[in-house]
Every structure is written in C-alpha cells, then in structure tokens.
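Handing you a structure now.
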Amino acid sequence: MQMVAVATLTAGVAGASGYAGRELLRLIDGHPALFLQTAQARSDGFDALDVATLAGCDIAFLALPHGESHALGEALAETGTLVVDLGSDFRLDPGWVYALPELNRAEIAGARRIASPGCYATATLLALAPLAEAGLVDWPVAVDGKSGVSGAGRTPSERTHLSEVQGGVQPYSVTGHRHIAEIEAMLGSIAGEEARVTFTPHLAPHSRGLEVTCYVRLRRPLGQAELEALLRDRYAGEAFVQVTQRPHPGLLHGANACHLGVWADERTGSAIVAAAIDNLVKGAAGQALQSANIALGLPETDGLTARGLGL
Amino acid sequence: MQMVAVATLTAGVAGASGYAGRELLRLIDGHPALFLQTAQARSDGFDALDVATLAGCDIAFLALPHGESHALGEALAETGTLVVDLGSDFRLDPGWVYALPELNRAEIAGARRIASPGCYATATLLALAPLAEAGLVDWPVAVDGKSGVSGAGRTPSERTHLSEVQGGVQPYSVTGHRHIAEIEAMLGSIAGEEARVTFTPHLAPHSRGLEVTCYVRLRRPLGQAELEALLRDRYAGEAFVQVTQRPHPGLLHGANACHLGVWADERTGSAIVAAAIDNLVKGAAGQALQSANIALGLPETDGLTARGLGL
Amino acid sequence: MQMVAVATLTAGVAGASGYAGRELLRLIDGHPALFLQTAQARSDGFDALDVATLAGCDIAFLALPHGESHALGEALAETGTLVVDLGSDFRLDPGWVYALPELNRAEIAGARRIASPGCYATATLLALAPLAEAGLVDWPVAVDGKSGVSGAGRTPSERTHLSEVQGGVQPYSVTGHRHIAEIEAMLGSIAGEEARVTFTPHLAPHSRGLEVTCYVRLRRPLGQAELEALLRDRYAGEAFVQVTQRPHPGLLHGANACHLGVWADERTGSAIVAAAIDNLVKGAAGQALQSANIALGLPETDGLTARGLGL
Amino acid sequence: MQMVAVATLTAGVAGASGYAGRELLRLIDGHPALFLQTAQARSDGFDALDVATLAGCDIAFLALPHGESHALGEALAETGTLVVDLGSDFRLDPGWVYALPELNRAEIAGARRIASPGCYATATLLALAPLAEAGLVDWPVAVDGKSGVSGAGRTPSERTHLSEVQGGVQPYSVTGHRHIAEIEAMLGSIAGEEARVTFTPHLAPHSRGLEVTCYVRLRRPLGQAELEALLRDRYAGEAFVQVTQRPHPGLLHGANACHLGVWADERTGSAIVAAAIDNLVKGAAGQALQSANIALGLPETDGLTARGLGL
C-alpha cells in the first residue's frame, strides 16, 4: 500500500472539435493533476469559444486552425494564464517560447506563452539536433517526410478522401511547406550557423503516424557505432525519445514517444536519420501537454505514460 | 469497320505463382499477339518447372525468387529462346542486356538475354536519367523509396503482416538495399562519370504501388520551368512516361506507367524529382513485357495500354 | 496470323468526373468497338453537359448523381439514342428496362432505355436469384453489405475521410437504404411472390470493392453439394459470374466479375450466400457497358475481359 | 490536493509475445494496483515459461495459442493462484467461470478459475443479451462478424498478408467458426431456451477492431424507441457498454469499450443490433483484466479507463 498525492489544476481547450483538440481531451482525461474546466469549439456538443472562461483556467490550450490563434492567444496571455498554442501563429514570434522540451527544457520552465512545434518540425528537429549541435552537418539536409491523413485535419477534402490517398505514398506541397521556417530557425540556433533544409512532405494511406528520413552529408566521416552513440548520449535520460533499430509510427499510436534510427552510409559519407512519432501526440497534443507540465512545475511525464498501441 | 491483323507467338512463365508471375499471366491474357503456352511453378494448379517446354516457347519469362534464375536462364538462353528474367540474377551480368526501354531501347531490340530492372531501380533511373545525362548532378543523390507490401513477395512474413505495417511508413534495409548496385551502374553509364546514391527503402501500408523521391544538389542552378522542360523533352514521345503535378502510385494500379514530378528548390540549389509506378507492372511484369515486345519486333505498347484504376 | 473485324460506334458519357464516370472512360478506352465521342461534366477538363452532342452518339451513358438523370434521360431517349443510366432515377420506372444481364438478358437485347442496377443490388440479386427462382427462400432474408469508400462518391465528406473510416467496419443508413426497393422488386418478380429483405450496408476501410453476405432460412433443407450445384447450374456459361470457395472483392479490382460463395448451415436450416464485386465495374460502369453491348448487338464481353488485379 | 491509496498485487503473463499478451503488458503497465512480476514466452526478450513463478503471483494471465492452456491452467489453479485464461480451452468447462462481467458479474466475484470469452463471442453476447433475456428472439439469429487482421494472431500467414486482405471484406471459416458453441451456450443460458446462431466471420483490411451485426426476427413487434430503451436500461450503470448511433470499432482502439447500435426494421418485424469493440481489449486483454479486477476485489475499471484513440 502506498499513498500518492494528487494536485488539481484546471485546464481549458479552445478548438476541441479538431483532431488535435480531441486528442487533448483524451490526454487531459487521463492526467492525474489536470481537470478539464472547458472544452470550446464552434461545433455542437462543446462550449462556445469564450476568453473569460479560458482565462479562469490555470492553463489554456489553443488547438485552432493555423492562423486563428493570434488574437485569442495574446488576449489570454495578457491575463496571466499559461497559454500553450498548438498552431503555427506564434512559432516564429520572439515573445513566445518555441517549446520542444528535449531541446530547450530550461526555457519552458519559466514560460507563460508557449508555442508548440508542428509535427514535421518535431520529428525533424529531434532527428537532426544531435548532428547539428556537434557541427557535423554539411547543409542542406534533405528531409523526406511521410504523414498519415489525420495531419490534414478533420475538414474533409480531396486530400483526406480514402479513395484519393489509397494505394501509394504521394508528395504534396513540395518545397513550399510552411514548416521549413521553424525547422531552419531552430536548427540554426542549435548549430550556431545557418541551417538549410530541403523538405518534401508526403501523404501516406493511414490515419495517425508520421515519419521523416533525413539525409545528411557529414563534414567528417562517422561510423555506425559513433552515430548511434551520438544519438543515445544526446537523449540519455529522456523519457520520450528512444534510439531503435526499427523506427515505425505504427508502433507508437497514442504514445508521446519519438523513435529514432540512425545509419552510417560510409560509401557516400552520409548519415541517414529517421524519426517516427504519432503526429497527434508527440507531434501535437502530447508535446503541448509535456511542455505544460514543465511550465506548471508538474512531473514532465504526467498523463503521458501510456504505451503506443503497437498494432 | 476496320480490319486488324493479329500474329500469335507463344510465351512461357516460370514462377507463375508469385506476385510478378501472376501479373505476367494477367498481362499475357490481354496481349493481342502472345499465347500462354505454359505457366510453371512449384505450387499446385500450375505446370511443373520444365526447361524443355519453356525452350519450346518463342519467349520465356522467369519470375523466380532472386537468385534462383541463374541456371535456368543460362540453359534457356543456350537454346535460342528469348529469355526475359525478372529477378536480380543477371542485372549486372555483361552477357545480358539490362533492359529499361526508355533508356536503352536500341540495345533491347536485338537482345535474346534480357535482365529486367527491379522496381526501385526503374523508378529511380527514370527520375534521374534526364539530370544525369545533362551532367547536372552533384553526387551523391539521396533517394527515398516507398513501396507497398506486394514488393516483399507472396511468402508471408512479419514484413507483410498487415498488423505490423499498418499505421505508418517505416524504413527497412537502410543503406544496404541490394538494388543500389544496378542503380549506380546504369546512372554512371548514362552520366559518363561515377554515380553515387544514398538509398533508403520504406515499407508503406498498401499493396501495389511504389514511389521514390530524389534529392539532387545541382551543379548549376535551374528554375522550375527549365527542370520541367528537361524532363518533358527527355521523355517526349514515350508512351509510358508522363510528367505530372501529382505523381501518385495510387492512380497507376494495373498500368505500365511511370509518372514523374519535378520541383526546383532554389533556396538550396536543389531539384526534387519524384517517380510513381505500379511496382508489379512498370516495376516488374509490365516492363518485362515491354522489353519482350521490343525484342520480338512487336509494337512496344502491345498488351500494355490499360489505364491505371485510378482509385 | 488471324484477322479481326472491328466496328466503331460512338459513345458519350455525361458525368465523366465522378468515380463511375471515370471508370466508364477507362473501360471505353479499352473497348474494341466503341469510340468516346464526348466526356461531359461540370468540372474543368471535360466537355460541358450538352444534350445534342450526346444525342448524336450511338450510345449515351449517364453517370450523374442520383436524382439528376431524369430530365436528361427522358430527353435523350426521345431522340432514339440508346441511353444507359447508372443512377437510381429510372430503376423502378416501368418505361425503362432494369438491366441485370444474368437475370434478364433477353429484355435488354431490344431495349433503348436502360436503367443499370446499383452496386448493392447487383451483388444481392446475383447471390439470391438462384434460391429465389427455386422457391426455396423463407422471407425475409438478412443481407449484410460491406462497401469500400468509393461507393460514397467523389465528393469529400466525413464518410469518405480516411481517419473516420479506418480501423473498423461500421454500419450506416441501417434499414433505410435506398436500394432495398429495387432489390425487393426484382427478387419478387423472380420468385413470383412478395420478397422481403433486411439490409444493412457497412462502410469498410478500402476504396473499391463490395461484398454482401445473405442469410437465408430455407423452406426445405439443402446440403452443401446441392447448394453449390444450384448456383453453378444457374450461372453455367456466364462469363462474369463464378462460384468460388473464397469470394473476395480484393481479387476483383478492375474486373467485371461477380464471385459467389455458398455454404449450407444445416444446424439452423439456413444457406449463407456471399457475393463479391468491384462496385465500380460489375457494380456500375462495367455492368452498364455489358448491357450496352447486349443492346447494341455487340459481343457481351467486349471491353470487359480484363482480369482483376488480384492484389 | 487529494490523497489516493494504491495497493500492489503481482501479475504474471504467459504468452507475452502474442498480440493479446502484448496488450496485457500494455494494460498492466498502466494499472494502478498491479505489478508485472513476470512476462513469459518462448520468444527472446521474455522470461521462459515457468509454472512456479506464475504460481507465485497473485494473478496469472494465460494468453497462449488456443489449445495450449489446458495443462498449465489446471496446474496453476491447483496452487490457488487466480488464473485468467484468454484462450478457448476452458470456455465450455464447467469447472471454470466463463466471465463476461456485464452478464455474470456475481459469479466472477468469487472465482479463482476464469475463462475469458473470445472476441466474436463478447461482441455477439453483449449485442443479443438484452433481447434474449426478454424472450424476444425467434431463433436462429444471423450474426455477421467482421474482424481486423490482428484477430488472426501474430504468426504470419496468407490470411494476415496485407496484399491478400486489402481491397475488400471477405468471409472465412463460414458456418464452422469455433466460437459458435460458447455463444449458443451463454445465450441459451440467458434466454432459458435453446439458442441458435448462424455465424459468418469476415476478415477486413485493418488491424484492430471487430464489429458484429445481428439480424433478429422478433417474436413480437418492437419499435425503435422500445428497442433503444431495452438496451439502454439493460446496460445502465455499466462503465464499458454504451448505446450509440454510430458503433464503429475505429473509434475504440485501445479502449475497453463496447458500443452498441440498435435499429427496428418494422417492415420485416426484425431488429438489427450491432456491436463494436477493440478485439484486443474488450475482446481479449481488457476484458480479462476487468474480470481479474472483479475477482481480486479491485475497482472494476482499474487500469481500463483510457479512451479509444478515436482515429
């Protein structure tokens, strides 16, 4: 018999009807210290969007469509409530902390305005940070991303129609993906030099799950053992990042995990680094909650210990 | 009212029970000038493997597991029968013609020993040939391949188990894929210089369909219009290669087609070239039949005009 | 060397941008005697809808949304052009022939106004006709249908969103499916008595493909051999219907085929009959073309001999 | 701030490498009162099978292949350890309690030998129990089941090969499914009369998830409102059973939930009842844990409160 102390803080979610919002509700429901005060959305079955109620919460999560958080986020932040925005509105805004805990945990601890990274950026940054920090990258890096359809959001479109995405992996928004800016900014800051990425997102015929494979020309040759050691050492002690032989998003559904794989391609002097996540958890709602835990002074893994479904 | 003349040549298939073999049967069934004389395999429902019967055909297709064609292929070729091998056994053998019609049609015309390229090689070579021929490539090129599960063959394994591949795209056999050799050999021959490729195959949760995305650092900057023109001009008049905005294997199921997309990434001085095929048709049985048509003096498109199912 | 005579008749398609319309274009493209004169739709890339051009064709196919064929169909039929409607508008209209060739081929031969059955009705009718004709059915029959997402059409909706349909088979429109009327009408006519069906359509996570499983209480006991013989005899000589051990839509993609399976459940005095089709081919465009061939006096299998992709 | 008391009991799992076994590990990992003492399997990475260690646990779960639990289960039960078998070995054995908590919770409370129902049986019994208990069923009932591929287990076979199951829903093991006996036995016991079921399992192209649709001829007519009330009343207060408009396994991945839908088909005097579950949770590991909680005197929902992933 042991006794466990449980504190209760109130949380609000704006944008609860979208996929990231729903995922926040699921995770908050299993969180030992958070109580869902209000779930707001324009759809039936939710509370109406209301700043005052959100401001009355200890923490407000914004899971609105990209571009729709700006006014609400600033207004809430003014009230002193901790705000975690899952959209792209504040990711390049110096007044907000771009929060990827494994890369800048200390900054998050004191923050009240948190911009949570996008799913592609999360996977790419976790894959490339160890090499970038070590000054090993001959830029640009080619990044090939594959996302399930849930990444396109809940609004039906040709891109989400099962018949249009079945039977193959297809590139989309080539070279112009809106997330390159946040990737390059963070990588450049880590590397202490200008970072350049060539990025191609692909749509794959599944719902959850995202994988990126990064092709890095190395400034000096590294063998398989060195590369693996570099990644393992960098993420030693991290609860949510693991170096594996088989990074596969299908193993991680529902988990706030990132699985990394790394391979030396000595013939070409390159390293190949792959990262797999659940785009709705470590790529969205889970990571937002992880940052919230840090900012609120809670254990970082609170509400985030569930294993991936695995199949 | 028009009159159409139809000649009949006999064909044999060894390895008819595998996925490439079955696909050959399907295509030969719809071919106006070929008659299936014998479909051989170790499984029930097929003729037993028999060299003499194959040697009695005008053309013998070998669709055996990789490594099992060698003795049979040489024995058949000795008899003078046209042999088209779909396995990897002869792809690097100078006594055989490595047959990718859009790249070396003239060589195929007179050949009696034909090694048909692998699915990943076909897509990669068609994507990169125009740039390689023009001397534009700063090697190595990073090639990110995604294949459906049918590419792993019919024998059940963990890799083909739906529960193991669902929910994400996963890298496998990284850096060591057996097809790099044929890709580099052909590209080097086209480019007139040593060609180097970093290649990562991925397994995706669908059956047919294969896509590769190639990341090319350019020796001199090229814009979007120039890149598109380069590809369009290179493949002008080709029945089976098309430059499109949306290369997607899911549109090509059943068709002997390759769809190419190209994008200039001027920020990084790179070109991104994507190729989509049905791995069992243009990546295997269809291409073998295309080469057979050429070698037999038949119209190249005979039996290969079906459109992809599209969804 | 043989000589083949090829006649050319002109065909027009109204509604060419939808999934059934696209499928008609694909099939007409491979038809030896039809030439596509006009492909009409409201979308870009097609001809505008125009009655006069359609009326100038030997045959006009209407693949419009349900309820939109009525005026156009009547107007075209007045001009004497052979009209084949794929929608539901005329299926219960006594001025039109409800055309399921394996059940009423003779009526179709002389028809100029043809209403082609829906996909669920086609599978259900082919499954149940032999038992109904033999007076063996204790009505009602329970019919459990499973369709891929392409059956919901091309317009994106929650129902077609991959994330909403993944991970399970779900019932929809229970008891109220609009196709019950045509099923019961045709079965009643065949059986010479009132026929009653309890029907539940389900949405399954794939694109093409439809299966129905019918649960029939028998008026007198029949064993496995008798049931199989009943079905085999009924469809002996039919090019497109086959009795198999494993009716599976996944084997039939692209083919104008219906695979039937039948099992005696002697414990309960029941027969279970399953039918598998490609909903876009035997369930829509292929069957419409089959009826058109009959009505035009062409060989019934013209343009419809392609095998299913099989995987 | 609240204080929560947590007791710790030890659990062992035999058969930890299979899909149900893995799922037990996942659930035990999140259970507040169970500690995983030993995870045993023949595969690498697990403890070897060992009766003594299992006997030392407060509870032993057996997740072995069907037919392999018998000797181990009896031996363990002799030692007094609580045994919960997930296989079919003891489901018809009167010395063991067939444990479906919503139907026979009281029996489970005092049990030490528990046989947990199969996935198809769970869904079918929860769907039909209210009607059977009320004496409303004109037997036989037609039950149409659809399962994802994970239900076929982890050993690769043709049945689990993605290429063989894609593109459609297919019947298998028609009329002979081994689970009919347990379904009829439990239904007969509930109904107080002989119960007969015609059952056809189908394989669908997804991993987790199972749905059954039951076609019931009613002994007296019931309308939609009465049917819904019957089900809602029967399961009022149940944590894991819910009556919904849209029973869909894809909403329940990872959850110990059963969603029921019911529809009156007044035209035919029938009721249609559908049940959706995650076959690995409410259909296997979750239900076993639910019964274990009851038998151990723990709160029934311990470790089972996670919501389904939803997409």
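As written, the chain order gives the labels A, B, C and D, with residue 1 at the start of each chain.
In this section, a contact is a pair of C-beta atoms (placed from the backbone, for glycine too) under 8 Å apart; a residue touches a chain by one contact, two chains touch by 3 or more.
The structure presented is a predicted model; accordingly, all values stated were derived computationally and were not measured.
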Open item on the list: Going by the touch criterion stated earlier, list every chain that contacts chain C and also contacts chain D.
Closed with: A, B
Task: Most widely separated chain from chain D, with each centre as the mean of CA atoms - done: B
Task: Mean-CA-position distance for chain D and chain B (Å) - done: 46
TODO: Between chain B and chain C, tell me the centre distance in angstrom, where each centre is the average of that chain's C-alpha atoms.
DONE: 35
Task: chain D, residues touching no fewer than two other chains - done: 19, 148, 150, 163, 165-167, 205-208, 253, 311
Open item on the list: Quick check: in the complex, which residue numbers of chain D touch chain B?
Closed with: 19, 148-150, 154, 156-158, 160-163, 165-167, 205-208
Task: Residues of chain C defined as touching chain B within the complex - done: 1-8, 19, 22-23, 26, 29-30, 150, 207-208, 253-254, 305-307, 309-311
Task: Contacting residues of chain D [partner chain C, same complex] - done: 140, 142, 144, 146, 148, 163-172, 174-175, 196-198, 200, 202, 204-211, 213, 215, 217, 246-253, 261, 263-265, 267-268, 270, 272, 274, 276, 311
